[in-house]
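Two complexes are shown next, each including chain A; its partner changes from chain B in the first to chain C in the second.
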Partner chain A sequence: MQTDSPFNRLATTPAEAVTLEIDGQPFIAREGDSVAAALLAAGAVPSRTTPVSASPRAPYCMMGVCFECLVEVDGLANVQGCMVQVIEGMKVRCQSGARELTEGDFHEAV
Partner chain B sequence: MKQYDLVIVGAGPAGMAAATAAAEQGLTVAVLDEQAAPGGQIYRAISAPAPQDEHILGQDYYHGRQLLAPFTQAEVDYIPAATVWEITREREVRLSAQGQARTLRAGRILLATGAQERPVPFPGWQLPGVMSCGAAQIMLKTSGLTPPAPLILAGSGPLLLLIALQLHRAGVEIAAVLDTTPRENYLKAGRHLGGALRGWKVLVKGLGYMTRLKGSSVRCLSRVSGLRAEADDHGKLSRIRFTHKGKEQTLNATSLLVHQGVIPNVQLSRAIGIDHQWDEQQLCWHPRTDFWGETNIPGIFIAGDGAGIGGAVAAEQAGRLSAWQIAHQLGKQSPVDRDRLAEPVRRDLASILAIRPFLDVLYQPAKEFLTPSDDTLVCRCEEITAGDIRRFVQSGCIGPNQTKAFSRVGMGPCQGRMCGLTVTQIIADTRQTTPAEVGYYNIRSPIKPLTLQELASLADNDSSQSATENN
Partner chain C sequence: MSVRNHASRNETDVAIIGGGLVGMSLAYGLLRQGKRVTVFDEGDQALRASRGNFGLVWVQGKGDTCPEYAQLSRLSAHLWPELAASLQQDTGIDIELQQRGGLYVCLDQQSLQQRAKMLAKMQQDAGGDYPFEVLSVEQAREKEPALGPDIAGATWSPMDGHLNPLLLFRALHQAFELHGGTLINGKPVQHIKPQQTGGFEIQLDNHSLKAGKVILAAGLGNKALAPQLGLHAPVEPNRGQVLITERLKPFISYPTGHVRQTGEGTVQLGDSKEDVGLDTGTTADELGKIAARAIRMYPVLKKVRLIRSWGALRVMTPDGYPIYQQSALYPGAYVVTCHSGVTLGAVHAGPLVDWLLGRDIDISLEAFSADRFPF
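What follows is the complex of A and B.
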């Protein structure tokens, strides 16, 4: 998951360290980081591929407008990564293509 | 359903100032905000800014604390991390927070939903590694994170210069700042210099950014055109091409930050059905409002950049004006008191806004960003190009809702936020008419996706709240 050239962290004001999982790998983020910020700090770029052409994408606007940072958070797909803050134990997965309906979704829908 | 005198959407400068002013007048107020903490985008994370060194973001950012302090002390129901997905003309506000949906009833509604960055379409803008300048600034404020080198900034406008300066102060190595402001804009803007001189404080500040940046070691190139971003074998940004002084140049880049100014965020105001007009100078849509921020739908107000771009300080003052008028309408304040409060604000606003025509014209985006080349992706969600849109117009589409039906352009998750303006401009350009004539997408609620589970919780939550209120 860790690729080249992640975002760099400056000297910051005190905040708790938050451990989350990104694609199964542990990553220590800073309290107040959005999921999208954690992905960029972890070098998890691209963070998804598109449903139309499977082209790679990464967070673009960081303020809820562009929907490029869609990821799976604790099993829920299509979450705007920039709008959710990291919490201890959170499990984040990069999304490939369109969201798939799982058996669980089907039973719930019925 | 809980009832408030005033429900405010957005906790940026306009929302915070309006909430504080309205609570002072004795109104019951709720503030709904999408973010986890107040501040909006301009004062993002102002309650806990990440960078240790306050010199990096500068004084204007920390001015947000002067709004935050009275806001946190005011008697206001502040609901963070709440997504407002529908507002009705009957002034019911539907929101989701923590996976639960509910409705609030409001005597008056104030939209303080601010601005978004203008779409910056050019070949390769969808590549991982390309971000907006605003995004980089949000990362800096909330997390103290800076983009990896080699880093290039490209675009036009004060925010481009400010973020370049902030990253430079943060010790980030910037390979180049590429200014795409067209040469002719300087001549056109010259006509508005008189007004700009009345707003000399802002002008001096802007010139200050420019001199400090140019006096630094950062390489600044002006009148850049033909921007293209290219990918490596993994589909990530690896280099950019552009033309400067008639010569094509190539630079390696891991990060490219782009910016072409900001535009009002009209998603909610469009979905409510508020009247909008095309702004010839700001080249964007803005809702029609009166002096106090009231729209054509009685009882629904808009203050701040969401009503037309004026910047953070103007937004703060506009928020107060709306709050006083609302207090007056609800019988909490006499017109005499309202006008007495409003008079100094009116003068202040006139002086703050004096520079706008100059800035708006100077930083109008180059044609290549307004009506991009055929191979440029316009709709990032559905992957529709500018060439596709032009072909649809040639097949007879006269407006954005028709191109949407033809191709799903604007129908992806962002619901047109990233392509709406560009689609209108391409259609207008191809039809040789005006954006005002072409119009915009019909935006429908819910304006943000919500799960069926959230939607289903609405009935339960609204009726259980009513039951509590009746007891």
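What follows is the complex of A and C.
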């Protein structure tokens, strides 16, 4: 789902293609991309709504500080998308509100 | 030094030293009574329990060796809804006050039995009017399904509750400004001079303020300030470390002394009591113990990520009870300090303000005189 993202990739060293799913749609990211970078490249923003005010958000600091990039990765919610690299077949979902505790596995998994 | 509101004033009815929860609760009450109030506070390096606490409005077990303190805590819990509503009306801030009861989870039979005995004694002292229940593991898990099987039980009281202490702090400061209070912060006050004609003079840099009354509400800073006003405030620091988890959909219904879920979804864990002087740091050892105990109480927490931790210093008197004292040498000078400034906030903004203004109040504060501590 390469949509009209406001982000353009610069020409850099070629990297392998990595196919992941964003909200059920296939997207071809590059090896070494973070999940947050892939979300931005795919134009898949806003990527979450906040638990407190339900306002829409998207990745922001890209370095693990702001927690704006929280998404569901392979069934586990509240994953910081900027701190995880894409892998083939990964399933990413935009997140609405807070994590539900009954779902998902231990966070050590990612 | 920075001054907010009415910087040109050099005279005030009441000067409060310390802009923590205690000072700001008193200030809010005084402003609501139409008094002019100036608060002095330090800068960001200050030791500030008010920015690091657990947010409990707690009653059960408080004052087991001091019935007056038990009554005071309960009175404050009773007055909290009115204060929360008043703050919300003034500032629009909902401080997330919830008073649906609280659990105290015990991990071994011995501590459960000790607690049950203590609460029964308190109930007796209160003439029977002190609601609580002792819950078996099954009963506790029925009330709070997130609790695990590896506990001994819990005590329950409908008197307990909690709030968001950071929102409370912000609401108090915002309401203070709205009501025209003056805040002078950035530097510690060092000298307070009683005037021969009554009243006090506070000097900070080249700013001088005359105040009809002065209240020491400076937390750990009270100890050094008190003697110059003929007062006595033997307070010592006691550190507590706190952990915060990621935000989660609500799964805990009642606060406990060790774990609570905030209105915004994070879970706050913490209960250490450490005698480490003025060190506000954290230690892996203590944080590990807090997390392990919390997981034993709520096994599902094992799946949860921690995102923040901190250490903060409690303001403790030798017996743990408050000091409410007027200076005999310099009438109009007071010490107000306690170690449960959240719980007692509503008493501070209400009856204590009447006491400071010399009015008759229904409660006796004699038990809280600093004369009980040797000089």
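Going forward, the second predicted complex is superposed on the first by the 94 of 110 C-alpha atoms of A that agree within 3 Å, B and C clash if a C-alpha of one lies under 4 Å from a C-alpha of the other, contacts with A are read in each partner's own complex, and residues count from 1 in each chain.
Throughout what follows, a residue touches a chain if its C-beta (ideal position, glycine included) is under 8 Å from a C-beta of that chain, and two chains touch if they have at least 3 such contacts.
Everything numeric here is computed off the predicted structure, so don't read it as measured data.
Of the two partner chains placed by superposition, only chain B is touched by A:V65; chain C is not.
By the touch criterion defined above, A:N78 lies against chain B and chain C together after alignment on the C-alpha atoms of chain A. Once the two complexes are overlaid on the shared chain, A:P46 sits against chain B while remaining clear of chain C.
In the superposed three-chain model, the partner touching more residues of chain A is B, compared with the other of chain B and chain C. Contacts of A:E100 after superposition on the shared chain: chain C is touched, whereas chain B is not.
Common to the chain B and chain C contact sets on chain A are residues 52, 67, 78.
The residues of chain A lying in touch with chain B in their complex are 5-13, 15, 30, 32-34, 37, 40-41, 45-47, 50, 52-53, 55-68, 70, 76, 78, 83, 85, 109. Against chain C, the residues of chain A that register as touching in their complex are 51-52, 67, 78, 97-101, 104-107.
Within the complex formed with chain A, the chain C residues making contact are 246-249, 251, 264-265, 300, 302-305, 307.
Listed in rising order, the residues of chain B touching chain A in the complex are 34, 36, 41, 45, 48-53, 56, 83, 116-117, 126-132, 134-135, 138-140, 142-149, 170-172, 234-236, 254, 265, 380-383, 412-414, 417-418, 448-449, 451-452.
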